[in-house]
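Working notes, beginning with the structure itself.
Order as written gives the chain letters A, B, C, D and E; numbering starts at 1 within each chain.
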Amino acid sequence: MNNHEALMPLVAEIVDIRVDTPDVKTFTVLTPDGKKPFDHMPGQCAMVSAPGVGEAMFSITSSPTDTEKMEFSIKRCGGFTEYLHGVDVGQQITVRGPYGRPFPVDTEFKGKNLLFIAGGIGLAPLRSVINYCRDKKDDYGKIDIVYGSRSKDDLVDYAEILNEWCSDKNVNVHLTIDREQEGWDGHVGFVPNYVSELGFDTNRIGIICGPPIMIKFTLGNLTKLGFEKTQIYTTMELRMKCGIGKCGRCNIGSKYVCKDGPVFRFDELDELPDEY
Amino acid sequence: MYKIKISDLPALFDKLSEKYDVFLPVDFDNGAKYKKYEKGDVLSEKLNTVKSPKDFFFPQTEDMMRFKTEGKKIDVIDIREPKDDFIVFGVTECDVKSFEVLDNVFLSEPADTYYAEKRAHGVLISRACSKPSETCFCKTYGIDPSEPSGDISTWKADGTLYLRPNTDKGEAVISVISGILTEADDDEVNKEKEKINKILDRLPLKNLTTEGFGAGKTAELFDRPEWAGLSQSCLGCGTCTFVCPTCQCYDIRDFKTNDGVIRYRCWDSCMYSEFTKMSAGQPRLTQKERFRQRFMHKLVYYPENNGGLYSCVGCGRCLQSCPISMNIVKVMKALGGKNE
Amino acid sequence: MQQRIGVFVCHCGTNIAATVDVSAVAAALGREPGVVFARDYQYMCSQAGQDMIKDAIKEYKLTGIVVCSCSPRMHEATFRKTAAAAGINPYMVEIANIREQCSWIHKDKDEGTEKAIILGRAAIAKVCLNVPLTAGEIPVTKRALVIGGGIAGIQTALDIADAGFEVDIVEKKPTIGGKMAQLDKTFPTLDCAACILTPKMVDAGQNEKIHIYSYSEVVSVGGFVGNFTVQIKKKARYVDETKCTGCGLCTEKCPVKNVPNEFNLGMDTRHAVYIPFAQAVPKVATIDPNYCLMLKNGKCGLCSKLCGAGAINYKQEDEIIENKYGAIVAATGYNPISMDKFDEFAYSQSKDVITSLEFERLMNAAGPTGGVLLRPSDNEHPKTIVFVQCVGSRCSADAGKGKEYCSKICCMYTAKHAMLTREKYPDTDVYVFYIDVRTPGKNFDEFYRRAAEQYGVHYIKGMVGKVSPEGKKLKVRGSDLIADKQLHIDADLVVLAAAIEPDKTARPLATMLTASMDTNDFFTEAHPKLRPVESPTAGVFLSGCCQGPKDIPETVAQAGAAASKVIGLLCHDKLTANPCVAHSDEWMCNGCSSCENVCPYHAITYVEKEFRMPDRTTKIRRVASVNPAVCQGCGACTVACPSGAMDLFGFSGKQISAEVDAICR
Amino acid sequence: MQKISRFDIINRLKDLLADGNVDRVLGWKKGEFRYDVTPHVFTSAQELEADFVWGDFCGANFSKYLIKETAKSDKKVAVLLKPCDTYSFNQLLTEHRFDREKVYAVGVACDGMADIFKIKKITGDGISDIKENGEDLDVYTIYDEKPVKIKKTDVLSERCLSCKSKKHAAYDELLGGDGDVLDSNRFDEVAKIEAMTEEERYAFWQGELSRCIRCNACRDVCPACTCEKCVFDNPNSGMENKSPANEFEEKLFHIIRAFHVAGRCTDCGECSRVCPQRIPLHLLNRKFIKDINAFYGEYQAGEVVGSRAPLVDFDKEDVEPKNAVGKEDK
Amino acid sequence: MQVNEYKPLIVAFCCNWCSYAGADLAGNNRLNYPADVKIIRVPCSCRVNPAFVLRAYQRGADGVLICGCHPGDCHYTTGNYYTRRRMALLFSMLSYLGIEKERTRVEWISAAEGAKFAATMNEFVKTVTDLGKNRRLEDLRCKK
């Protein structure tokens, strides 16, 4: 937590808007004096708000290693996100955070091979970790990224994936799309099946993010490959309001997603009542 | 230990209100309610105020900040004014203990500065419960109403109010009024404690226990069939949560004024169907799940995170207020270990 | 969706700019959230102004526009078309009325400017919440109804029929023809009214496309433009129209002879079975049930025995006919006002004080005197006649009687009457008392001057104060304002130019048509200048004196204009519906029927529908459903609905609330 | 003392269950103390024997539960209805809120319900038992061996003091006989407030409504508040609001709520009964009822199924607002 | 210091067919009335939800007018009859709660009554000015 009131937001300015897919835009934000609003760890979130419009929790998608700026990739799905998708560069918003438990990049992940599995907008929360690990490649083993979307046009961060990730030596990117498409010569098929086809060994940590149904089947397929739930992580984003584990909205069992999450290991999730 | 004649209480309140904002329970036609002391106000004999004193520290509605926008620019304005010291007088022990519950939430890192500031400035003067109600069950949670805590403890006995400071804040208050207090020994107070303890033994809910609840009981309790029957008549209103001294769920909302936007927070209730609703769906679909959440939180989830402390203090307000008379006691009796 | 709003502030020449600092308004509104473009301009409604709007929409990718200008009742449609032409939805347009409701009523420029900004702000707040609306289509019944069979109605019907559409005339009297049939000559040409009217009546009667419901009334009107459902009560005339040949035998032989003849304004009598006049259309007898012996007490039956065609049917009953129409024309005409309140002219005291319309009948060859001018009291030739103009017209509002307006036709017909009298009876002295003589019209003033100068009619500027019958004479006391003296005239006949007023049936009809009326019960136009023959209610048109006093050529012209509007409407197979209609959020509807109860158009029905609930079960729920073609968008249901499930496109709760907020900011 | 005994009711209900006419009964369940009775769905004779109560604290109106209950199964549910409850029952039927065919309505005669708050005002806290003793209530407390004798009429709840009807507006069968529609004095309180000066009225309501904690108990218990989603919970209504942030919002909620139920409120009095702050909310609804009666002729919501509520009706000769306000008595 | 004369804020809901047209006619005839009156166009007076009236007060209005066609002349036949009932009850309730009853009003003004429109506004502004600022139904958060 930065030296700041937990609930008092900072003013930030949208300095760049990148159109990723027809319904995903990536916003770069800085404080009005041109600085990164605050530091964070991969997997942490921030509350982004436009006064009078709404406030919502989003994963910070830029890597902590990027000390210049902060980025959010946001999918348009009504309400506040609708607003954000309509603004121009120069629009100020407010941000507060960082919130939540990050991925254990400096503990459990250290020295391990990493397998990132994402579907659709699910790549956004993982991008921060991926880039963090890429930037500190000496601390980690091999990195595999399985990423799929409905179509080529729905792949988030496509340029970055092609230009940066794919050119990294210790990174293996496996892209797939749901259906055949003109101009696509890569893999076609759903992510969970692709994971099985690729047949990873269990000498790695799995990190999954995507639609619930994708997570469910991927988890199953990883288990079939011999993975334990203790070596698979995910991140959830739901109904958070205060961000600091007090307002009660994101409470599931004895956990608060905003404080105890959003990153959970699957064995931890098993302990929770099925209310998410 | 100090004492003052009950008949001299007005002088005490007058003196205190020179330095502090003093709030005390005063009888109204429709029940006791905390009120800022004004000359002539008389301390209520009622045990429970309808609304608990949590309102002083975690108000039902609290403006947090103001935003001004011009074009694309936003200005965030902290609208909090410096808080003066204030006294909440006559807090029963269950209500005092409710602050332990709230503190665990609001003061744990990162601290809620809105709450923290009020706690820093608020002085709790407790009182022993000489006349508990049939709805009282603080004993269940190990709370002793004859031995109240807070910054200052008070007992009423034989036309006299006995005061004992417990903290520095309490001492500071005593020093303001020391001129009208006299030193006293513990005898009368001990007698009063004994008297209270005898009464406690006659309370109808004296045998209620927390057996079967507490940390680690989620799996055991979550899918119990009794939930359906217990929750079937629940109206889904927020009465129990709003009268509860330990409930702390809140909502953050924006209000567009003629001059910018005010962001405020207000009490919310896990009993409301809207509470967990979001664009992606509603994880607690029926009143059964919402009802269960409230009691599981009080009796299992909260203790799990807070060293076994329950998020209920047995004040009995929900027993008195629930429109359909469903309450935590009925839940504990239906699901608990040794209750009946 | 974040809106991109353009604001266009119109100077309207100096109409707005004189009391509103338009550039300050544009500047202030330009700072409002959502506004990306704001400009002021001389005339927004001009081609150049509209082009400016179109260009801005394209250049700034506007999603909605606000025009601060005259009333939306003037140019909302114009700017909607402009918006549509530039590729945005026409319903993404809002008008801030800064002329009629701001610049024209305020004198202080600061005040006007401030108010204009606030009105603009409200419009911006509203347009930010506008949603694109698509108008639905409604079929058009290709048949028109004309209510009233006077010259206005006849001409309208003939013109509509001429264009090939079916048209029905409903006339409450047994024959069409109206007031014009009662006139003698017409000004300023002095041609015979009957000679020019009756051929049209015959045309109407014989036209295959025209159906005349004579002796009938409209009793209810439902539906809406293109789809009216009208109930017509055909009153029992006790004569089978299809059998009656109009031979007139019954009307001659009927033993009841003393019925006041309304066609001659009661100045002679008719029989209980009658044909109003020789050229009546339809030429069918009618039995007056108030006088017919057979109908009153079952004794007589003579007409039935006489009728070779067997057309008499004493058992006939009123009949309700229901028809569908695409358009309705009101042509309900006028009547002279009652003279009851004008005792000073002794109308009720002397038979020789008559109204101008009665004078028409006295001069008419088919009238009670066979066209010979005779005093009603003693059938003598009047030697001195006094015409009094403006009886009941141009009265002050606090006079407690009469009308404030000018009846428009009196000056001319009085000149006509005076001239004709002097021509036929040069020995008769004719005086005309007038306040002003108003003769704007082709050949009107020439006509009046001929009366005064060539025919020696004495025009006296002044009012008649009192008429008192004394013996066989009528003492007329008046003032001559030019000579500044009191006049006493011993007259034989006094003719009052009674003011004209809308027919009494117009008011209830207006209610049925949901058409609005002014305080004088004249129908109001959709726009007094630009849409003079349309009522504000879509599909209802106005023809003749029901809209305001007018003479025959004006009436015929308006009749043609109304007909052309009707034709224009009926030409369409489908109409574009008003998209500002109610809609119900089925998830929120609880099926209580409140909305259904208040809907004046029966546009809301309840349906049982299957819903997939959040817990994946299905549930049958009873929910309201709005028929957008029938809904007229009043909004009654939106307030009746306690759960807020009903809302109105174009005037949603959020939009109105936003306007309130903006105004109160 | 109620006219009909718990015993008689249970026997009849057991018969109904045994006959298979109904498979469950909506009735009152006993609580920890005498007075904390809970609405409950009983499914067996044993359950009825064990937990069913009938007495002076069975205030809850079950009509609204029928919406949820009838949707659960195709079998009939038996419901116990006091005379005042039957008006709500009819009003809900008028608004098509449940299927009459799925309900077996058992009317029970009612002698008025006691108000525990009034009892406690006399006895203080610490009630251990309350026994019905003829026209009296014997109230035992933990502080005294001997009971405090209270005349039931002294502690009758406010709504029962001005009971509008002992006659059931709807039932399939009656237990304990039927009564009459009463010439009640229920508008006296309203008239008293009307007679105050404007300032007094303002001060009165300001005082009452300032206590509101917006717990929504009044709304959620109200048989007329059956919206799928209340406008105050709906972000799209423009009225959404959760807390009594200030004096305005306190009033807004109660004015709009009263307006939404105007002409539909049967004056069952549940709103005031459940209010934890004991705000006399029924005086708002009753004001509308009184006005409706005065302006548009006597109307009792729920008296007849299918009657048209006054606010979705009109008369061409209706009084003008400016002639109506402040002249309710005329 | 300049003494600010109290200017009330009046919100007038006018039905499109009669009263709004009446207001236009008042403008056409250059009939003055104070700029304190701000008009919101609604299709029919029956579109006016009591919530709009309360909202106006919340936001700082000092008086609210609802103007419609004369009873019997409603463009939608019956809309204003419902308005009449709803507003009679609402106003009665407001008065019952001690809110000055003169602040809120229903007026029937036809399209032809431009003069009546102006006269009504003049008179109403005076009435509200005399009453002073709306204090009993204001939301302090909305104050500047």
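Everything that follows uses one rule, which is that a residue touches a chain if its C-beta (ideal position, glycine included) is under 8 Å from a C-beta of that chain, and two chains touch if they have at least 3 such contacts.
The model shown is predicted, which means the values in this text are computed figures rather than measured ones.
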Inset, instruction - Hop across touching chains from chain A and tell me the fewest hops that reach chain D. - result: 2
Inset, instruction - Could you tell me which chains are in contact with chain C and with chain E alike? - result: B, D
Legend entry - Most central chain, judged by mean C-alpha position against the global CA mean: E
Legend entry - Which two chains share the largest set of C-beta contact pairs: C-E
Inset, instruction - Could you tell me which chain lies farthest from chain A when each chain's centre is the average position of its Cα atoms? - result: C
Inset, instruction - Determine the centre-to-centre distance between chain B and chain D, using the mean Cα coordinates as centres, and give it in whole Å. - result: 30
Inset, instruction - Please compute the C-alpha centroid of chain A, do the same for chain B, then give the distance between them in whole Å. - result: 40
Inset, instruction - List the centre-to-centre spacing of chain B and chain C in whole Å, with centres computed as mean CA coordinates. - result: 72
Legend entry - Computed distance of Cα centres, chain C from chain A, in Å: 69
Legend entry - Touching two or more other chains - residue numbers and ranges from chain A: 87
Inset, instruction - Mark out which residues of chain B touch at least two other chains, giving numbers and ranges. - result: 69, 251, 255-256, 258, 268
Inset, instruction - Check each residue of chain C and list the ones that touch at least two other chains. - result: 598, 640, 653, 657, 661, 664-665
Legend entry - Each pair of chains that touches, named by its two labels: A-B, A-C, B-C, B-D, B-E, C-D, C-E, D-E
Inset, instruction - Would you tell me which residues of chain B are touching chain D in their complex? - result: 30-31, 33, 46-47, 50-51, 60-61, 131-135, 199, 202-205, 229, 232-233, 235-239, 241-243, 251, 253, 255, 264, 266-269, 272-274, 319-321, 323-327, 329-330, 333
Legend entry - In the complex with chain E, residue positions of chain D that touch it: 190, 193-194, 198-206, 231, 238-239, 245-246, 248-249, 251-252, 255-256, 258-259, 262, 284, 287-288, 291-292, 295-296, 310-316, 318-322, 324-326, 328
Inset, instruction - Could you please specify the touching residues of chain C with respect to chain D in the complex? - result: 587-594, 597-598, 606, 619, 622, 640, 642-645, 653-654, 657
Legend entry - Interfacial residue positions of chain B with respect to chain E in the complex: 63, 255, 257-259, 262
Legend entry - Complex interface listing, chain E residues touching chain B: 59-60, 141-144
